[in-house]
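The chains carry the letters A, B, C and D, assigned in the order they are written, with residues numbered from 1 in each.
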């Protein structure tokens, strides 16, 4: 396990939708060590308001030393982040936490909802490294509307994955809920990877349990340190004990946590 | 007495020296009511760090509704201010406090040190409105070095004032101290206006007292409100009672405060 | 009458005093009202609490008196004020012209002084209530603050109660081990309401000069930094007494204000925020109506104390 | 020997314990040290205070456990820890390999428990001292915190003193009326040092859901927001006791640290800052040398308590 604190120059910031941004920074040390499902803690301002770093999944990574984040503006920190400009310096700590186990068997099913799609892009790319044919896999992506979903879908299609979509407003793909798409493909897959809203993941974990398919989920909780030190990021584990999302996760097997 | 809270668009920001900036904002209400020697309270960030507004003298004012500030970066607030860009919005309250009394008799002597020159530019321009010939007046300006002083000197020269200068490092004008230049002109003037470092103003007030020349000084203290409400901006008055710089000043007659 | 009930949606009561809305300005942060008259529509406020008044004028502390801290500020004004007589003659003429309740914050060195000043203000036109600042040192008890000993706080409350027919609000100091003990003591002694918190005691040092940043060495900490402490104390006190509680401490936005109301405050005061955002009180009043709408409630009284602490 | 004296310029002592510099990491904010080993050079630190340890493992509070506030954060971790036995077997193997003093923060429900855990840790290789967290509720006294009653604090101090030969530091709670009374009580009961402050008690509410933001409703406030209160208390205590004082509260920069040393602290601890700026302790150590140079002083001991409060 290696972790770095790195001062990173902003290489690009693109507005993908009204409140969604893709940020690329030069972070050679973190990028070189990153594994899909891991995250970084970003210091969004060098003043004390906001005080704490913000956690973001690693969305993209390049051997050239860049790291991509995909984020939605929801509050103080993300709004500050959306206002950075190329050349600004950002302080990142990472890569942090336990990521996805890269399944060699196939086909797998990748299911992402909203910003939960962020880490799955990096996952999808890394899965291809083990001479896998993406055509056999399944990718189910959902979001509020086409504006938000469409650019993310392109990422998977560019890699050769077949993608099924759903949107809350029906503006792209199926009108409605991503987990509904799962039933048709579940019998055929050996592993499900998912990240998205908690209720969505809960349903998926339950479907996988019933179908006896291994399922990895990526969780979100409020975090102060991301390092396993503050013990602030607990969720109840399946055994009744608490688990710490930043170290034991953020990626868990469905059966490891209480739903 | 009128005061406004105004959201002002940044019209320009120019770096005058390594740590000196001139900021121009659109503030039609404040600009229309401004009198030389008055100041504004600027909210430099909409977060809570830094929390308090920062006081700045009104440096320039145009009938077109713009307001100019001249400031030196010394800490958190001024550094944030130095990073604004054209089009940003800044929240200002002003015009605040008691300004200079515009002397109709002549000649007057204007003495500024460092950033203390800021309000004197506005004063110098307003003095000309009463069909005064600036050639008869005296302007003594000092700063650390030529870089800081030269652009400010130009402002006075453009208005037609004769200017004498001094710098700490001798890079422009006399090597040394501004008050030394005063002795030669003091017998001839009917009024001295000064703003600058406290020790400088103290000497000037004393020289004026001895020469029985009326002298107005502009003071600086830490301010929370600028409105006379917090009672935080006190200095000892000449009568042993405290005076409040934001309301009873920032401009005082030399004899009103204890030195 | 829709219009009438509509204007009453924000109305609250502190003892016999009715406020058109729960948003007041805190003592020492709003001068004598007039200072803000160019920037704030004083007629929209729920109430104005004026700068603390003592029997005789006080010069206050030497400068420096204020210093900024992280998300807060320290002040050591030293209770500078014009004294009760000049307050009545010089400041009340403006204030009594307002259609907004004026609450006079009072302070003293001794129980007797509190009683005297309350007596002097009783019946003065334009005064709707007294707020009693008990964070002051009791000079007869070696300078221990009235607000840190329940018995002393109760004695002051009783003395003020005797001296006036005006509603009296006791303003508690947060610098105590058990705020509930203090609140119960003043409730029993006859307070009509309790306001809290006054400032936390703090300090700052200039490391270059190696001197305190305040001439008085220590001062009162206020602003957003203290909000969590204030909210906790308001919740504890509101859960323990049956008189109205007024929440104070770092309130800047409507969200801040609603936190205090949910925790049990009947009204709130905006303090330090008046300095950096004079529009805060009016924005909060406006925001409260929107909050009611969002929550599907009809009036602000349906919000007060409705924090759900169960799971 | 210039080199040797040079490396000693930052050296300070807490009882029999010598620290190579005054900069430690605060309990609960630095895990068991190892969590930061990728980011911080642990060998440069003056000391490491580990997460609070109880006799038996504790699961801690349900989530949510943390929330950000203005220039601060609230935590209600609920003293989750592995218990003293697993601490010794699982955590000490890493810690004892360090050349940096390790101070074990201990806590208990009863005086006996404090004594037992201190006894158990006595003589364990690699432990340089104990820091006693007395901000915990005394279950035998109806849940009143040990740290709010001088007698109870003294009793705990005495029990720990009896149970160990290690230097003991008592960590005071700031949630009291008179911090000096607390400090004197633990000094008399045999403490080798006093650390302060622990967190202020605070609260935050989600106005949308109308629920507390912490499952535990209340939590401990830490970070830059509390620094002025911490500094004031350190100054008061350092002026009143003759044992060393360790300053804690919002320290992020060398300037913050020097404020505490000027106020009388012999050493400091960096807490919440480890979360947002893990390099803070090392930056402070470096900055201290520069500060000495700027002030024309030779060693850090010449700075401690040199605040000039006269005019």
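Rule of thumb we're sticking to: a contact is a pair of C-beta atoms (placed from the backbone, for glycine too) under 8 Å apart; a residue touches a chain by one contact, two chains touch by 3 or more.
Everything quoted here is computed from the prediction, not taken from an experiment.
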Open item on the list: Using the touch definition from the top, what's the fewest steps needed to get from chain A to chain C?
Closed with: 1
TODO: Find the geometric centre of each of chain B and chain D from their Cα atoms only, then give the gap between the two centres in Å, rounded to an integer.
DONE: 47
- [ ] Go ahead and note the Å separation of the Cα centroids belonging to chain A and chain D.
- [x] 36
Task: For chain B, residues that touch 2 or more chains besides their own - done: 48-50
- [ ] Could you check chain C for residues that touch two or more other chains and list them?
- [x] 70-72, 223-225
Open item on the list: How are the chains arranged in terms of who touches whom: line, ring, star, complete or other?
Closed with: complete
Task: chain C to chain A touching residues, read off their complex - done: 70-71
Task: Residues on chain B engaged by chain D in the complex (per definition of touch) - done: 48-49
Open item on the list: Applying the document's contact rule, which stretches of chain D touch chain C when the two form their complex?
Closed with: 62, 69-72, 74, 148, 175-178, 200-205, 207, 209-212, 215, 217-218, 221, 223-229, 231-232, 235, 250, 255, 258-259, 262-263, 291, 295, 306-309, 311
TODO: Provide the residue numbers of chain B that touch chain C in the complex, in ascending order.
DONE: 1-5, 43, 48-53, 93, 221-225, 227-236, 241-242
Open item on the list: Taking the touch rule as given, give the residues of chain A at its contact with chain B in the complex, in rising order.
Closed with: 45, 47-50, 76
